[in-house]
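In the two complexes below, chain A is the common chain; its partner is chain B in one and chain C in the other.
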Partner chain A sequence: MRTLILAGLAVLSTITLTAQNAEERGLQIAKAADQADQGFNSSIVNLKMTLKNKNGQTSERLLITRTLEQTTDGDKSLIVFNSPKDVKGTSTLTFTHKIGADDQWLFLPSIKRVKRISSNNKSGPFVGSEFAYEDLSSQEVEKYSYKFLEEKGNLLIVEQDPVDPKSGYTRRIVTYNKDKGYRIEKVEFYDRKNSLLKTLTYSDYKLYKGKFWRALTLHMVNHQSNKETVLKFSDYNFEAALADEDFTQVALKRAGQ
Partner chain B sequence: MYYKSTGQLTTNNYMNALKKAGNATNAFAKKWAEFVIKFKWPVLISTLVIAMGLGSQGNMEFDGDYHVFFSESNPELEAFDALQDKYTKDDNIVIVLSPSNGDIFTKENLIAIEELTAEAWNTPYSSRVDAVTNFQHTSAQGDDLYVDDLSYESASKTDSEIKSIKEKALKEPLLVNRLLNEKGSVTAINVTVRLPGKDSAKEIPEVTAFVRKSISDFQEKYPNFQIHSSGLVPLNTAFFESSMRDMMLTLIMLVIVILTTLILTRNFFSTLATLIVVLFSIMSAIGFVGIMGIKLTPPSSVFPTMILTLAVADSIHILITMLQKMRKDGYTKKDALVESMRLNFMPVFITSLTTVIGFLTMNFGDVPPFWDLGNITAFGMTMAFFYSTTALPALMAVLPVKVKEKKGILIEKSSWYTNLGHFVAKQPTKLAIISIIVIGAFTFLATKNRFNDEFINYFDETVQFRSDTDYISENLTGIYNVEFSVGSGESGGINNPEYLKKLNDFEDWLNEQPEVIHVNAFSEVARRVNRSMHGDNESYYRVPNSREEAAQYLLLYELSLPFGLDLNNQINVDKSESRVTITLQNISSAEMIAFSKRAEKWLQDNTPKPMHTIGVSPTLMFSKLGFRQADSMLKGNIIALILISLVLMFALRNFKLGLLSIIPNVTPVFIGFGFWAMYKAQINTGMVIVFGMTLGIIVDDTVHFMSKFLRARRELGYDARQAVIYAFETVGKALVTTTVVLLAGFAVLSTSSFALNSYMARITVIIILSALIIDFILLPALLILISKKDKVTTETPVKELEPQMQLDK
Partner chain C sequence: MKIKSIYYIILLLCIGNTIYAQNETAKKVNHDFELELEGEYRYFYDNALFEDQEDHFPSLAIQPEYKAEWNAGYESINFKGFFRLDVDDERTHWDIRELYYQKAKKNWEFNLGLKKVYWGVAESNHLVDIINQTDAVESFDGEEKLGQPMAQFTWITEKFGTFDFFYLPYHRKRTFSGKKGRLRFPVVIDKDDLNYESSAEEWRQDVAIRWKHYFDIFDIGISHFYGTGREPLFIFDTTGNINAFYPVIHQTGLDLQITHDAFLWKLESIYRHADAQDFFAMVAGLEYTFSNIDGNGLDIGVLGEYLYDERDELALNALQNDVFFGSRIAFNDTQDTSILIGGITDLESSTTIFSLEASRRFGNSWTAAIEARIFNEIDDNELILSNFREDSFFRISISKYF
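And then the complex of A and B:
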């Protein structure tokens, strides 16, 4: 009897231990990935966004994205639309925050005004694409709770549960490549009813400054609507040395003109 | 009596050939019967194996998707599919909540709505849930824009916040008459689902089961809410469930078949044999369904009842003759059986053939479920003929059938029919004229019927989908809609101010139409964003002035859309077209078509060419379905009439009487529709098929009556009047009994809660009943009248004719 209880306790503690380990390990991996990407300071990149609907019809948008790395809070970003022609110059400035709603400003050249948009709509789609804001905004460790799932060769698979109740997902299954600076290879998104909604595949990885892995192609497939979005990045520039003054309302207005 | 001076020789040769054929048939029927009786066990086992073999292939799957009602080439479906290809294709469930206090905007009620909304996100295949609480409300203060859920975390709201939520909600054009009524006492949660469409027989029930459970759980927790639900998924579910319910009518019909057979034959084993024959027929038909991969729909799910109704007549004819021969004429069982088979083989064959032709004509229509109904029933009837001439005699040979001889009883019973015969024979002209006037009056009335395929009204008030939908139409919004995909003629052209202005005009015009409840157009979005960009200044609630402005506002709008929504709901991928969705009151099909035409005409008169377009929607598809079905069935009906008349000419071996038979075969349908004009005056798609179908059924009465008449003239040398009385005496009762069985069957179907089936069955009841009356009054009157002229020339050849193929017992 006693042995049985002991055995039971042993099993129980193993389970608790494993569970704890899974959570800890998941967190460790996320932290490692975050760590690996720290220190890029700023970047400028051209982006071609191709939207494809279920019938294969496509539409394209060209954007330029400037990013400024922040250590204590989420990154700052400034996006300028270059095409289609009638939205050329429309720009957004976003301060992502580790906790709480992001700050966002929008500049519309047609009325030459900057508008501040207060929205906690993170789960909505980014300009009609299959990417939600929360998929594109800077990935902060604090935004998820973690559970390590398995290790397949050099790939580490971690479940991430969003902390924000307004997230459109119940969980994401993220595949990290531990040999390549913990870069992300694939993300599977599960919607609020916990069915597979989207799969994001990263490809054409390139190493910048000997440290920063950047995928030049991001391919998002929505399994429920059968729509797809491809993001093609080109001309990564890590040498621009952008600073805080490049991410202000004035800079936003300037960028759009 | 049929050959005139010219071509007499050829006609004579033809008749001789037919006579031989007739004799051959008689001989064949006799040999067939003897063969079946001799090898009764092998025959019985073979038929059992065939029935079981076919039955084992049976696979009854139901399809509730409303798309099944439209053939692939249906232009309305094509137009609708084209629209759904351009935009997001969605199905929905509307859950309507009515709190008992009559005010949505209390803290408790908002909490409850938020809770059900959150639960609704878990609906299988759901892509979006819209409720008053998660409505994305935009407000502007200077250059600051605030986009937020109208009521998020309602539990934390103060009374004054709730008051302001109510004010905002009741002013919101996207909510009022859509998700909220004008008083704020009834609200809806709209669950959008994206069905993969791989297996609607599985997907739809999955969604329905979840929604029903959520609703019942919610009601348990919040009993102060009254809940109703509707939408395309519940519609599909209602189709699905009415298929299954109508299939259950088979059991009632089975009881009726047993009782009728028992009363008519007064013999247990005969009843058992009949039951086995009809069950074999149904098993075979079920096998056919499985082999052909047919998915059952409400119209086709009535096939077992149809087959039961129609197949039982074959057995009854054979059995009654056999038992009569045993009871009245003292035949042994075997002799009676052979004699009955000899007498009935051909009539049963002919009546089965005409019925099969009648049902096969449904393939000419444009509504696939009726193709299935026609083909399954035609196959079932073919098999019924097969089993009636194999399994039935074999069974009767095996079963220990014993009867008491009762001579003379039948003669007494037939006196009523004899009297009727005398009555008609006395005044044929008068009766013919009265009949023709009555028929003429009904035919005139028949033209007063109007097509109406309001699919909500397909279900009667006992169906919850119908009563819930009626509640929603009365208290919140319309269920019917029409959509227009309005083009601009250029990529990105929806931002062209000219386009937006015209679209706005169209929106305004639509809002002025009396049948319109709500209009959802892209011009409203353009106005709304313009206002937001100008600090909520109402004077900017108009479409922007420049293309850049419009395009940039649209981008802003796109950036603010919530999860599960994208522009593609309203705008096509290259932004050259936008969709206008109009919610309408419950109006009839004709009004629906007229409205759509009016809107199309407005676009033609008031907008540039690229903006001209046609209205599409499931509602409109159903509205036009009846007309389309009627047009396409016309050809089928004519072919059926020609084929069946030819069969009759062949069976009666008389061209003139074959031609005459058209009158009693066609006029019952006129009477049926004339009667219907007084009863409902609205006809639906299901009733279009009745002409071909009833033709195949009612022709049996004509065949039996005319063949008796001819036999009396040819074999017995009677004059026309005597021949009519003879026909009454011999087949009067048989016609009444088969009519009673048919009426019982269609009366059972007329209890269906699904109007395509119940209306079809009800009018068939009228048609079958009028067919009997016409066959008893107008047909004999006409037979006497046309024979008068022929009398002199045809008297002699008649007597020369031998008894040939007999269509009687």
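And then the complex of A and C:
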């Protein structure tokens, strides 16, 4: 009887140990990916977003994204719309936080108004695309809990569970490439009912400054609505040396004027 | 004529700067030209209250925009023109909305020329916003503004927020509907009939300052304006004649927004002092958004605001003790379909104004918009609004962008 209990305890502790190991390893991978991308300081990139509905009809948006790396807190970003022309100049300024709600301001060029907006809406679509706001916001390690799933050659597969209950997902299955600076190759999104909602594939990777991998094509497929969105990045600029002054409400108005 | 000379001075300054900039090496200049053409039709379905007023108002508007920027966007020249052709002669008008030179460097920004500046947080009334004159014939909500000549210096500090200093050398009068136009008084007011309190008239040299900062979930702005007011002061004598003039005012404004989860709590208030009038006014309320309701991007926002104006029935906008309620519906679809419905109701009388604004994109470069303003049971004692009681209207507009 006693041996049985001991054996039982042994089995239990092994399971806990493995579970802990899986969580720790998952976290380690996320941290390694975060680490690999540190030191880019700032970037400016052009983005062409192509939205495709289930009948294959497409529409396009052109944006410019400026990003400023922060070490103690989440990154800052400034996004300006250049097309469609009726929303040209509409811009957002976002200060992401590792913990808690992000700060976000919207600039409306027609009336020159800067409006602080709620960052509560994470799961909603970004400008009618298949990308949710949370898919495009700065990816901070603290925003998920992790579980390492498996290793396939140079690919590491990790489950990420969003910490924020307002997230539209129960989990994301992320494929990292450990030989290429832990860059992400694929993300599968599971909705609140835990069924597969979307798959995001990263391609056309390019190495900048010998250290920073950037995918120039992101392809999101929604399996439930059969709609797709393709993001094409071009003219990455890591040399602009942007500073905090380029991420203020004054800079937001200037970018969208 | 005088305003024309200002335009030329600014134009010269701008051109001068461009040449100077081009002389420097490796300064790539980016040019950008845009054009919006708009066809509009307004229909006032009630019989006109005053003689000569029309019911149908087809109209055309054109809005060219040009921008040249260099020095990686830290220097630019911005131009936005406007022209409208309308049945109402006074609504047929042109304006230079913007024509300014801008230079930004680290923690400061400088702007010189005709520009538009917006202050405030509320939706139903824009009390704090005072820099630009309202283009009163252009829209009912007062959100269209005339270009204001200014020199603006902005100083950004990390710890103490942003300070804006304005020098405003020229005042622009408000335009009122002509004799064919709706939304007017029984007497047609020509803008040139309105005088100034200041002997310098439109050339009174005005100033304004604003401090803006945010802490965590709080966004706060405090402003002070000293100069010729943008709102004319109406004095009705016993014979029913209107004496109206632009007073010299001191106006202190406060705007505050607290952004907490999906709640936006808003407050705007002003205190205005003039020799002929002192008063306090405020608008306070909230906006709450139920986002992504259907898992497909549908957002429904609810808005509620309370409006108070100490001027009582003399308040030009007639919002002396009123409640605004509304809903903003955004579909977040590829056509950016959105609807804003609302109403303002007087707490002391039956007066209510309902409104609807909706817009949608077609293709990549067309948009259509619908607007309706319904004046409902306007109280006869409303000194200003009672003149508009038969002026409910529908408006449809289609824009093409080039």
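Rule of thumb we're sticking to: the second predicted complex is superposed on the first by the 247 of 257 C-alpha atoms of A that agree within 3 Å, B and C clash if a C-alpha of one lies under 4 Å from a C-alpha of the other, contacts with A are read in each partner's own complex, and residues count from 1 in each chain.
Note that in this section contacts are C-beta pairs under 8 Å (C-beta built on N, C-alpha and C of every residue); 3 or more make two chains touch, one makes a residue touch a chain.
None of the values given here were measured: they were computed from a predicted structure.
A.B. asks: Classify the contacts of A:Leu231 with the two partner chains as first (chain B alone), second (chain C alone), both, or neither.
C.D. replies: A:Leu231 contacts neither chain B nor chain C.
A.B. asks: Based on the superposed arrangement, let me know which partner A:Leu218 touches: chain B (first), chain C (second), both, or neither?
C.D. replies: Touch status of A:Leu218: no partner.
A.B. asks: Please work out whether A:Ile111 is in contact with chain B alone, chain C alone, both, or neither, and reply first, second, both or neither.
C.D. replies: Both partners, chain B and chain C.
A.B. asks: Please work out whether A:Glu60 is in contact with chain B alone, chain C alone, both, or neither, and reply first, second, both or neither.
C.D. replies: second
A.B. asks: Which holds for A:Ile157: it touches chain B only (first), chain C only (second), both, or neither?
C.D. replies: A:Ile157 contacts neither chain B nor chain C.
A.B. asks: Contact-wise, after the overlay, does A:Val250 reach chain B, chain C, both or neither (first, second, both, neither)?
C.D. replies: second
A.B. asks: On the A-aligned overlay, A:Ala240 touches which partner chain: chain B = first, chain C = second, or both, or neither?
C.D. replies: A:Ala240 contacts chain C only, not chain B.
A.B. asks: Is A:Met49 touching the first partner chain B, the second partner chain C, both, or neither of them?
C.D. replies: In the superposition, A:Met49 contacts neither chain B nor chain C.
A.B. asks: Does any part of chain A touch chain B in one structure and chain C in the other, and if so which residues?
C.D. replies: 51, 53, 59, 84, 86-87, 111, 113-118, 120-121, 123-125, 127-128, 168
A.B. asks: Help me check something: in the complex, which residues belonging to chain A touch chain C?
C.D. replies: 51, 53, 59-60, 83-88, 101, 103, 111-118, 120-121, 123-125, 127-128, 168, 240, 243-245, 248-251, 254-255, 257
A.B. asks: Show which residues of chain B lie in contact with chain A when the two form their complex.
C.D. replies: Against chain A, the touching part of chain B is residues 85, 88, 121-127, 136, 143-148, 194, 492, 495, 533, 546-553, 555-556, 558-568, 573-575.
A.B. asks: Please output the residues of chain C touching chain A within their complex, sorted ascending.
C.D. replies: Residues in contact with chain A: 34, 36, 67, 72-73, 76, 78, 102, 104, 106-107, 109, 116-118, 120-121, 143, 154, 156, 158, 162, 212, 214, 219, 257, 259, 261-264, 289, 291-292, 295-297, 299, 332-336, 361, 364-365, 367, 399, 401-402.
A.B. asks: For a test of understanding, state which residues of chain A touch chain B in their complex under the given definition.
C.D. replies: Result: residues 51, 53-55, 57-59, 81, 84, 86-87, 90, 92, 106, 108-111, 113-121, 123-128, 132, 168, 192-193, 195, 224-225 of chain A touch chain B.
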